[in-house]
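Should a chain be cited, it is by its letter among A, B and C, assigned in written order, with residues numbered from 1 in that chain.
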Amino acid sequence: MNGQVKPLLAIHGLATRFHTFEGMVNAVDGVDMEVFPGETLGLVGESGCGKSVTALSILQLLRCPPAEIRGRILFEGINLLDLGREGIRKIRGNSISMIFQEPMTSLNPVLTIGEQIAEAIVLHQGTSKQEAWERAVEMLQMVQIPEPGARARDYPHKLSGGMRQRAMIAMALSCHPQLLLADEPTTALDVTIQAQITSLMARLKEEFETSIVIITHNLGLIAEMARRVVVMYAGKVVEEAPVEELFKEPLHPYTQGLLGSIPWIGRKLKTGRRELQEIPGIVPSPLEMPEGCRFHPRCPRVMDICCEQEPPMVRLAEHRRVSCWLEAK
Amino acid sequence: MALLEVRNLKKYFPIKTGILSRTIGDVRAVDGVTLTLERGETLGLVGESGCGKTTVGRSILRLTEPTSGQVTFNSQNLLELDREQMRQVRASLQIIFQDPFSSLDPRMSVGQIIAEPIRNHLKASRAERRDRVAYLMEKVGLHPEQMSRYPHEFSGGQRQRIGIARALALNPMAIICDEPVSALDVSIQAQVINLLIQLQEEMDLSYLFIAHDLSVVEHISDRVAVMYLGRIVELATDRELYQNPQHPYTQALMSAVPVPDPGIRKQRILLEGDVPSPLNPPSGCAFHTRCAERNEVCTHEEPTLRDLGDGHWVSCHLR
Amino acid sequence: MTETTKNEASRTQGRLPYSQLRRRWAKLRRNKAALFGGILILIFIVIALLAPVLFPGSPSAPNLMKSLERSSLEHPLGTDELGRSILGRIIYGSRISLLIAVGVVSFGLLIGVPLGLVSGYYRGKVDFGIQRVTDTMLAFPGFLLALALVAVLGVGLKNTVISIGISMVPIYIRLVRGCALSIREEVYVEAARAVGTRDIVILLRHILPNVMVPITVQTSLGMGMAILFAAGLGFLGIGVQPPTPEWGTMLSSGRAYLFHSPHVATFPGIAIVLAVLGFNLLGDGLRDALDPRFRL
């Protein structure tokens, strides 16, 4: 990876918190990451780690209040958090797009697919409605929806889950964004449809030269799609690595535990063991974060210092960092 | 004699329209399923949405009444039992549900939930029930002191353990696991899977493990049945299935599952189109519309399960 | 599906995790209208219970010497055509109204709830039968139904309670049936069947507790409705009969003197409005505060 290429998106010290009845929830608590042009970055973690909130914070899709976003999110040099409502609206769907897990709830049920795609085109590119419609049909063709002209006039409920997800991808890419945020795009789909969608996304990425941030808890998906990976836990980044290194040599005990705990086809036969590696305990509640390293109550290699102080982020190489006392020593 | 024998099980849901509710067709959720479960083994039942696997589980327990077929459990034909007799069978044939949030009554304490099967079937004093609940909670890795708490005070993984404890309350012989880990986080999945494996060894349980995640199913099962549109298309030991999948659908399924190893760049078998609706299943072989290898015969003749040897069965004209 | 994406508030009506009861209570307290309604009802109940203390003496004893007097120290709200203290009659009238309200909702609770449960849980022919009867009864506006029943049963306090009570039953049946229908589809009910729980036990232990919230709301609103209907019947002369000091009956007899001595009819009218308002405001507030879809 060329160290002189400037990042497309650079997040510095992002902190997003929510005011709730029970107290302040720090969903994202000091996160740094970068996305470079033309790459697929994997953002992986389990529930409560803050990965979705990070993506929503980039596009300011959170209601503030009760949310509060701090930090700097630099996109092509401009801090997105400095943009007002108009400013960020021009970015959404235009330079940065997002697709979500549940296509049924992200598509407007009372508008046809074509109308929804065309809406974004008219808004951002100022074309006529007719032209926008034609472009929408073109997009549907690109995402391999058969009979795109007819499908464009359908309402979302008429389409299957896989087709709706394709429609959403079409909508997201209709204005040729530079960055696509994909939040669990295949989790709600059957695995054979998943395979179709991931190969579609890979193809479109090449064609449109879009960078993708793929947010998921599915490590198989990460292995397949991502070039670099950022691992999050309890609102913080715990590890970052190129994908091969992450799987071959995970450094953070959480990453190690995560990789050890997933069953994969043939694992039992290859390793001869039925037991999976467990990470004991559960993800801490955001209202009761542990002192020191947030992972320490569950860590098999915990040391005294882990219980007292938060570990620093150790940079081992250009795109390799770990937040762990084991590496800091 | 196998512990559980299912023969040609069918469950059709009639579609009614009109003021007089005429039946115009059937959703063939389960369309002739035959399988066996031996003592102490885990049979995996895997398939995508709409394949009918969940309905199979519910039909065996008669939580949904099957349309036709035979279900023999512990040498009893379950479909001939009356309501009370079936109720008693449920002491030995239990179920764990997918959703840890909605499968527990939010208004009952955890202790009450786990004790419910005991109250239904045994005459036990309050103290005896309490002891049994404490024992069960420990067995599944929960703290017995928490038995007076309510479900919403627990995490998803813990709630699933509560559901498991409830299923174990009467020392069942077999448990139908209906997507027990699908709604859980990855690291919690591992905990629950390990727990299920451990309990199986300790208590000589048999599992019918129903899930859509082939990785999980293959890992926990001794034998695996693959379902598509209400029918079983392949049945084999997990070794055979992994090394030698025969049915084109199984092959596509195996190749579609993402493997957590970036070094493996798989040659993907991509299926065309979507899963057909069980309202209108294709003629002949249900899979033929998406099969790259289809022949003339596949479009009009339904294949049957054939024994390829070594306990490996396939339902395909071309194998 | 991960845990965050599962919406914990995908609840059907009637369910209330206990830790949320605190929050619900806080929400109810914040609702000024509901608070006002609650206070009104509290006053109402206290007055009803302490009636003999607040107004010693008989409220119905005539004293023609003092007929139709305006407010005075002795009779703060004036007297009616028979010289009776209007304040005293209103105070005792609160007892009557409370009695009617409680009696009427008891019909709903004791008859409507079980029928609704059975209808919603078992479905089939039983459900069909109960529903057709309910449909027929609900085809009539509530008051007209009560009127029709009075025509059959006759007038008086007892028959007032029965008539309005019977017309309240189909409302409860509908409400409870709807809840039971949705709750019986819940996974935990299926789980209860799977562990061998008998149907009756499921109804009582799983379904009924989860129907309590809509029942509570309906009961508050129903009490207001009962008082209003009773007053209506009383006003028409076919409800509680004089000399019993029911507010509607008082309105009826005060009608003749409306221009000359408006206080005779006005004060009972105000009492009716306040009582019904109180129950309605509280009921609405409860409905908002207890709505399980609302997540604080």
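Throughout what follows, a residue touches a chain if its C-beta (ideal position, glycine included) is under 8 Å from a C-beta of that chain, and two chains touch if they have at least 3 such contacts.
Note that the structure is predicted; figures quoted are calculated from it, not measured.
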Report summary line: Averaging each chain's Cα atoms, the one nearest the global Cα mean turns out to be B
Query raised in the report: Looking at C-alpha means, what's the farthest chain from chain C?
Result: A
Requested in this report: Quick one: report the Å distance separating chain A from chain B, using the average Cα coordinate of each chain.
Outcome: 32
Report task. For chain A and chain C, let me know how many angstrom lie between their CA-based centres, rounded off. Result -> 53
Query raised in the report: Which whole number of Å gives the spacing of the CA centres of chain B and chain C?
Result: 49
Query - For chain C, residues that touch 2 or more chains besides their own - result: 1-3
Report task. Any chance you could list the residues of chain B touching two or more other chains? Result -> 155, 185
Report summary line: For chain A, residue numbers touching 2 or more other chains are 46-47, 217
Query - List of chain C residues in touch with chain B within their complex - result: 1-3, 6, 8, 10, 15-19, 186-188, 190-198, 201, 205-206, 209-210
**Report entry** Residues on chain B engaged by chain A in the complex (per definition of touch)
**Finding:** 48-49, 155, 157-158, 185-191, 193-194, 197, 212-216, 218-220, 238-239, 242, 252-264, 268, 270-271, 274-275
Report task. State the interface residues of chain A toward chain B in the complex, per the touch definition above. Result -> 46-47, 160, 162-163, 190-196, 198-199, 217-224, 243-244, 247, 257-269, 274-280, 282-283
Query raised in the report: Given the complex with chain C, which residues does chain B contribute to the contact?
Result: 61, 63, 87-88, 90-91, 94-95, 97, 99, 101-108, 116-117, 120-121, 150, 152-153, 155-156, 163, 166-167, 169, 182-185
